[in-house]
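One structure follows; several queries about it will come next.
The letters A, B, C and D name the chains in turn, as written, and every chain counts its residues from 1.
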């Protein structure tokens, strides 16, 4: 189930401390100009974030294994990989019996009967989002008339993001964050009810990103407290523009041409420097555990570009589907 | 794209004022005992809700067209339909040029080049969730050791739900609501990273339900304001039980055996008795519009059983996938 | 797995002696004019065939349950059903222990642990192809510039088809047949390598038809005996026309604009009037069995229109995919 | 559409003269022991074939990029790549205007608007089957109680395969061939009617292999000439064994436990040393063309191991689906 999409199809592979992480993109139109630099721009945004993101130097340079020739997409499946380097050799085997709270150690060990590679989180690592960002670069090119932009708007409940991150870091702790994404000038008519409306497509891919705990569109959770008379967005021009945008640009699961607006809740990084309690499944007693190494204090800082990529991928797939079925 | 799921596959069809709405369920194991009464129980919950739901008498009786024989599922595709009755003949054609705010009139007309049947919302109507609930009855039987239960916990921001609904109704308005769902004793190990983790599967189907504006798991949006030291759930026994449950029963996209907990934001019903402003696409001027007929004041009241069905369908699909790949 | 296609998606349901057989067609463009009579034309061809086909009067009249409004497709899923009538009540239960040779009695009973409805072949019956033919009517309308035509070219190895059928019938036996299908003026550029080339798409659907034993394209099995110098088709004009057509209109899995040509081998009807040997799984001894009722002597006679429908469905799906990815 | 399968999912990528060809295998159970040597055995069979296959030294050594750890499958997606080497730099650009007969030059150029990489056939090359064979190694391990074996049984219509190949080679020509595949002791109950019966699954993947022109199961095309009384296979024991096997081990699209038997027709290699006629799309006149380099005289010699892999992949997918739905 490592593939997202019906026509513009994105498959993710790799592990945090294995040989590589990468992505295969199928159904990408031919003739799109693309360079390694195009990828680097977003991949570096993913890496650096701002203060509070990991100082680790991951190998982010993409190697194009297939599908791009003479600077253009060929129409064939596009494979892009990144080679993992400098992965520390700290043993992760112990986490099979003493699982880290908040991580997938316990569930991965159970699900794969002990054969899962847990190093650095294995296939469950945030490192896997590298491939999402790479695929997002192509998706954005397909949606070239739209602008997709996401940013962190809160960290640990505070709008002074830098300060909040510094404070948490100084206490050996981590904090969550809130991300907002807006798509301006989206294509009209995208979304396939019933089961692939815009919100379903976008949320499926967003909830695949580790650490995402909630997704809302337009008015979102605030809608639950509202009246219909204030929530309904009156149309105001022949283009379909609405006075307000509680709908977040989507009516009946289909884009209406207004800005698509969504917010994503990110949990605090699970790895913290402090000692934590957990269960030792070997001794069958409570135990303590300290996660070594450097960690992102606020993983949410790195996630905006991943959100942009995810939204772009979902919209690109919906665009190709709509274009196939509904020639207008 | 009217199908959800990879193995336990649910396809929805129909229109609000057409001949029927229904569902085809493929990949359902054989030998499950099921009667029309089994379906009626949940279908009636969907219909009646509580005060504030529509007094309209929809035809909810399911007719089993295929896949069930002598009281048991056969292993063949199961088709269940409901015949629409007493649909009022008010003209919906005008909504193609004077679209109702909050409804899919504008987007459906654009997407399908004017050929969409808009009567009662057509294929975009909440009426379509009838098929979801019917499929959910079978999904719940597949997950027979788990209990899935959802309820409305707030309407219009108030916990006194009945009063809030009455007040809004008396003012010719509508209100949104908040629904909480909990799965106790879920199977462990369900969820397929990357792209079909539990949250992605569940949110894909939930965001297909009309009126859903947000979905969150465990700590949800509150996680964005939390510290890692408080958010991480310590394991406390050999079964994988955790002290807290901020994870909502899911680590790395895979169920850990603790309760799955989620909340869903429902917008206020779009149809209200009050006059509303909208754009007239024929005259190209602003216009006013009044939506005739009786409407649910708070559609959220009817949605808990739909949420239960959706969660059950997603988990049933994940269970069959996991059982196929990982024989334990 | 009861769905074929990625965009133009066809789902089949029903059983031979259950309440109905039918089809759901998703991803069909809106605005296609269609009437019940349009369906009847091909459905009657399927029923009557010629001499040698069953005199049984199946209920073939289609009831449109969704997706068509005011004589046009709406863009919503289209559901079409046929109600089974006059199904004889002969017991099929015995076939669970004394399975008919050539039928699915044994495999269906094993696969579904005894819960399969075997009456008239259940979901394995040729009756299910009713839905294929109905979907094919819409697929042909999508491919309106092409002509798809299939006919039986041999029965029991003889080109004098009527005589061969009569002879076999007079001996209480059945015979197989060979069907040829040709698509003139097909769209160029259809087919998605690797895994959804034209041949793969068409053969997947053709081999779903009961009784199909072989499928070949262009030169087919004769190619195995040929030389490259005679097999290669020289291009001869700027449209891509070729001098010969050993490729059957397909190069590298993609249509080249020349006629698509294929042949399908149909086995003799499994039900024959003669007494047959089989194993009695209850007594665990060899047994004899006589299949009562009237049967098609040569089921191949009814299959051409099913082949046309299948080819049309596969090409329609490929067309919508290609149109979505490759705007030319 | 570069993915085959629903649960055991195989995605192919790469081009003949690009950087690599490879495969991603998703849904593979964890805990399967596998080494590079396991892959090499079948990959070398694919490369060498026998006399008449290309003397080119392709780089066949697999590099495992993900999904295998400490000698076992982890349950994560498995990525295996091969690096292309020594690809000659002969210009293929001219084939965009002077397409080689029998090749995909014309269709690929049209479909991808001139952006397709045609070098060595690009993504349409037989080289891509490298990934199929690699995936087949894992599929065979999943089906460990069955034996899958394919061989060439005719070349150019002759059973003296070596002589036929030599003769054709001496004349600068190529020949086709016939391959037979047999699966002994297959799991019973595999196959999902309607649309994913065993024959549909296997033929979909087989017809994705370049050069395949026909596929038949059991009696195959001979069935078209047979009588029902001779074609029906009587059951003879409590295991479901049949006296004859015209069904090729499949009833109603579902395996009955008898040997699965199929035959595949392979066309003569399209590249031949002789001069050929074709159309020059630039000058718009007939032209001649000679394909340089060394070519397989009889590509069918290399295909048996690819057929085995394809059949194994299809059956592995069907096994995991059946295991998920039907716990017996």
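Following the convention adopted for this analysis, a contact is a pair of C-beta atoms (placed from the backbone, for glycine too) under 8 Å apart; a residue touches a chain by one contact, two chains touch by 3 or more.
Source: prediction; values computed, not measured.
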Most distant chain from chain C by Cα centroid: A
Chain pair equivalent in interface to C-D, over half of contacts matched, among A-D, B-D or A-B: A-B
Cα-centroid distance, chain A relative to chain B, in whole angstrom: 25
For chain B paired with chain C, centre-to-centre distance based on mean C-alpha positions, whole Å: 36
Averaged-CA centre spacing for the pair chain C and chain A, given as whole angstrom: 43
Junction residues of chain A - those touching two or more other chains: 1-3, 6, 12, 27, 30, 75, 111-113, 123, 321-322, 326
Residues of chain C touching chain B in the complex: 1-3, 9, 11-15, 18-22, 24, 26-27, 30-31, 63-67, 69-70, 72-79, 81, 108, 111-117, 122-123
Complex contact set, residues of chain D against chain B: 6-8, 27-30, 75, 320-327
Residue numbers on chain A that touch chain B, as the complex places them: 1-4, 6, 12, 99, 101-108, 110-113, 121, 123-124, 128, 154, 156-157, 168, 173-178, 188-189, 191-197, 199-201, 203-205, 207-208, 210, 212-229, 231-238, 240, 242-243, 246-248, 251-256, 265-272, 274, 276-279, 281, 284, 286, 300, 321-322, 326, 328
